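Heads up, there are several structures right after this.
Paired with chain B in one complex and with chain C in the other, chain A is shared by the two complexes that follow.
Now for the complex of A and B:
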């Protein structure tokens, strides 16, 4: 079997190059922004596994982002674990939480699945908002970062943490690409196309959806654990449903089903937010206009338009 | 041995299937006929688990399929094709078969290998496409196939499951005479030990293939017997075949 040319994913290479250039040539503020982009790229790519591959539109994905952030902070603050231990533990805790939530959610489909994930997300938000142990609506501050002193590096430096976040995003990209290209990933795609048929072929569809939901949740937790370290501060707002909506917007603008598209969507939304917010108070309005235009004229997102352009250039190159 | 006992299903006030029993020995070719609305497809949905029966049970080799969901029934060896094509429209013929084979072989759980590099399923899928006469269209997307080829793929997907009991819901619906002949040939070449239940409107097809026929009418069994008996029955002639 041969792959379509876009499977080589030139967009991912462009993004990696852009990240490298940004890391080399921007100041501390640029590197902070790049770190944020990397964290949200992980978050958006994890949601893409649900929305793009399996066709499960979740409006509660921020719950797992927040659980990962709180778990990493709690293991650090309450148990005094170094973040190298706290992070994998946070991912494990999030995976368990996602498995429990998924157990209920994957039984539903369509709008009911969306409503269930929304409810689960808001329940997690309400829990952190009222939980005294986690400082309720004050949130938690003073969260440290992973220790790179064994390499002689200080992760307090934006350049160091930013490089770490970007490497983490690249690793998650390769992990999710492997999953998407695997028999399991193709089974998820078949499930999105025709669930009754897949079920009649003997596929345990609920277990497949649950596995995808758990993996996506765990990776969102990983993004959350990084976000907590990046800002050093967490609050219940991380779990709020608008955060879930925002990461869904990233996936849709980037191009559903495209991993590099999800990363690009994260970059676009965050960069536009930083730039537009400086230019106009109406930046949310302009973001909305962009989103409406994308959904109307480019269902396959920026990634889809990019590969369309490449195909066109490729054909023209051949004809000349 | 495949057996349905007293299956019942109502949708609101409408009793679609009212206590249908049927048994088919291993290797039997069993035809199911009846006028539109007789409950044939609903009966199949009860057998395959797509719909939950209000009463009654289904047995395969003496084991109750009870409340098992469709996927568990499929894994137990019960395959079905659909009256309206139900395919993976965005995938090619070979990919359709490869997805089906990956479910049977449990390859679908593997998340670290490249699907397209899984020779075992793709060789089987290509082989399967050739045997079904879809070799020339192996790399065509299912959505772009002709109606006849889609029907072949529909049945072929179910066969990729290697079922012990096969339920075919109107395999020749909407087909040209040549396509119908191809499907008949395909059905005749099925493994002998396979138990086949087939719903069909084309009487030539059914009287030709089936060794036993069940006539459904208003959700009930009107008659069960050999094709010759059914053809000769005055009740069936009056109700269904059209007296003449």
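Now for the complex of A and C:
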């Protein structure tokens, strides 16, 4: 199961090229979709740190996505801070929330951890649904976007915000790749493979898990802060379990443990949703079938199939 | 006396949760396998009940047929899909059943449409009864009685029969049970089908009280999972006490702290797991 970090990631380059082409050649709607893909790619990559690296399957990751979105909106709308300040504050708030939630969650393992994360997600959902300060189930509207006027650009333009979201996704990709290649990342991989052994080697297992949970939560909060600006509207539905489920589907379809795979999964699920929703009313059915087939027959996801294909082509090239 | 009414409401929810969670719990105890599509089976029980009740113009036809149909569906699901993923990691099994939730949700929308249904309660329990001067619907009392009856039957089956002893042996130590000549696989299949049937029973029994709509599966599934986790997987006792605790806490939570209604049970679960990480009455050591 160990996937040695490759020096070059062909899939990531293909994705970056596809994003650049999409940005250059699509209209405003295409750019809005691309922004959504970039936001969810950040969200999925942050979950991949938990699921793929540390082997901690979370069914409540949307909680931090929603906290980030609400925090950014609250700092922007209530305190009237510019988003350049509100966003880092939102990420900090989410990190604190994730650390508190993680303090409880990481003590449990296996299915109990999954249930605890599910409960955390639903608690956050219930909180936003009932809190009058955040307009309960009406959600909040009128959230602005980051200001690029110092560059002479208007972030209300799809092209500008889309470029910003894609750049943010690329930055998160490099950050998480750095984490995965660091000693901390290797510790997380060891944790996934054999936790009792790591524990007996004297590794502070709980502290490592908590750090991973906090970092993943903070990045999900960053994705949430971007999502709030992208749609300009937030509601408690952001924290609902289906969102957590959907982002997990992205990670699985892309290929657990592969960063670029998570980004690809986000792109596939969102494009599929936009296309299938136009073709058939029952797109959830097809997504479910695809998901089951991926889990059954392609455990390493699309990213795994892609590198398999590359290896095969490479070998054939050598033989000729 | 609002307290009494709420207590009865809590017990009624607990009875439904018990029907759902006991199958989940014992299957998990036997095979370390959580079937997330259990709520979907509950939903199918309700919808098949709606169809049967309409076809035979009788609640009781639906009440007996729907659970059998759901159990048959569970058997088919096991034969076609779940049997083949037994060798995979538990995580993959959980994920496959998670995918089944998506599929089940849309299958229901395709077959029955998106509008809510309901079944009329049977004529016998259509009225209400007087308890300590309070009026309470008779059908809801029937639900509580149904939960108690199933609990008694399962207790007898698990504690006093040979098959029950096999199930308990399998939960305690699956490899040892297999070494003693018990066909754990067959016991598992039996328990799985029984659990599916009970989920279907819960669905059709809930249909006169709760609306039948696509999505009813998730709200109840999460409650049932909390019951399993709070009670401790694998034991009948855990399912009983977990259902009571969650059913009553959820009902009173909605009355006492309406502002935090949805959070009460999650807080309860977090608290229980902090004190007893393997649930209140775990049957087997969980690693």
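Everything that follows uses one rule, which is that the second predicted complex is superposed on the first by the 313 of 320 C-alpha atoms of A that agree within 3 Å, B and C clash if a C-alpha of one lies under 4 Å from a C-alpha of the other, contacts with A are read in each partner's own complex, and residues count from 1 in each chain.
We take it that a contact is a pair of C-beta atoms (placed from the backbone, for glycine too) under 8 Å apart; a residue touches a chain by one contact, two chains touch by 3 or more.
Fair warning: this is a prediction, and the values are worked out from it, not measured in the lab.
Visitor: Based on the superposition on chain A, does the combination of chain B and chain C result in a clash or a fit?
Guide: Overlaying the two structures gives chain B and chain C room side by side.
Visitor: Contact-wise, after the overlay, does A:129 reach chain B, chain C, both or neither (first, second, both, neither)?
Guide: In the superposed model, A:129 contacts chain C only, not chain B.
Visitor: Applying the document's definition of touch, where does A:57 land relative to chain B and chain C: first, second, both, or neither?
Guide: A:57 contacts chain C only, not chain B.
Visitor: One more residue to check, A:194. First (chain B), second (chain C), both or neither?
Guide: A:194 sits against chain B, while chain C stays out of touch.
Visitor: If we overlay the two complexes on their shared chain A, which of chain B and chain C does A:178 touch? Say first, second, both or neither.
Guide: first
Visitor: Does the superposition put A:186 against chain B (first), chain C (second), both, or neither?
Guide: A:186 contacts chain B only, not chain C.
Visitor: Given the superposition on chain A, which partner contacts more residues in chain A: chain B or chain C?
Guide: After superposition, C is the partner touching more of chain A.
Visitor: Touching A:204 in the superposition: chain B (first), chain C (second), both, neither?
Guide: First partner only.
Visitor: Looking at A:291 after the superposition, I want to know if it touches chain B, chain C, both of them or none. Which is it: first, second, both, neither?
Guide: second
Visitor: Which partner does A:110 reach: the first (chain B), the second (chain C), both, or neither?
Guide: second
Visitor: With both complexes overlaid on chain A, what's the closest CA-to-CA approach of chain B to chain C, in Å?
Guide: So the smallest C-alpha gap separating chain B from chain C comes to 11 Å.
Visitor: Using the superposition on chain A as set up above, list the residues of chain A that contact both chain B and chain C.
Guide: The overlap between the chain B and chain C interfaces on chain A is empty, containing no residue.
Visitor: Where on chain C does chain A make contact in their complex?
Guide: Listed in rising order, the residues of chain C that touch chain A are 28, 34, 81, 84-85, 90-92, 94-96, 98-107, 109-110, 218, 222, 225-226, 229, 233, 259-263, 266-267, 269-270, 273-274, 277-278, 286-287.
Visitor: Tell me, which parts of chain A touch chain C in their complex?
Guide: Residues 57, 104, 107-108, 110-112, 114-116, 118-120, 122-123, 125-127, 129-130, 241-242, 245, 248, 252, 281-282, 284-285, 287-289, 291-292, 295-296, 299 of chain A touch chain C in their complex.
Visitor: Show me the residue ranges of chain A that touch chain B in the complex, using the header's touch definition.
Guide: 1, 3, 178-179, 181-187, 190, 193-194, 196-205, 208
Visitor: Could you list, by residue number, the parts of chain B that touch chain A in their complex?
Guide: 48, 50, 69-72, 74-75, 79-80, 82, 86-91, 94-95, 99-100, 102-104, 107-116, 118, 121-122, 157-158, 160-161
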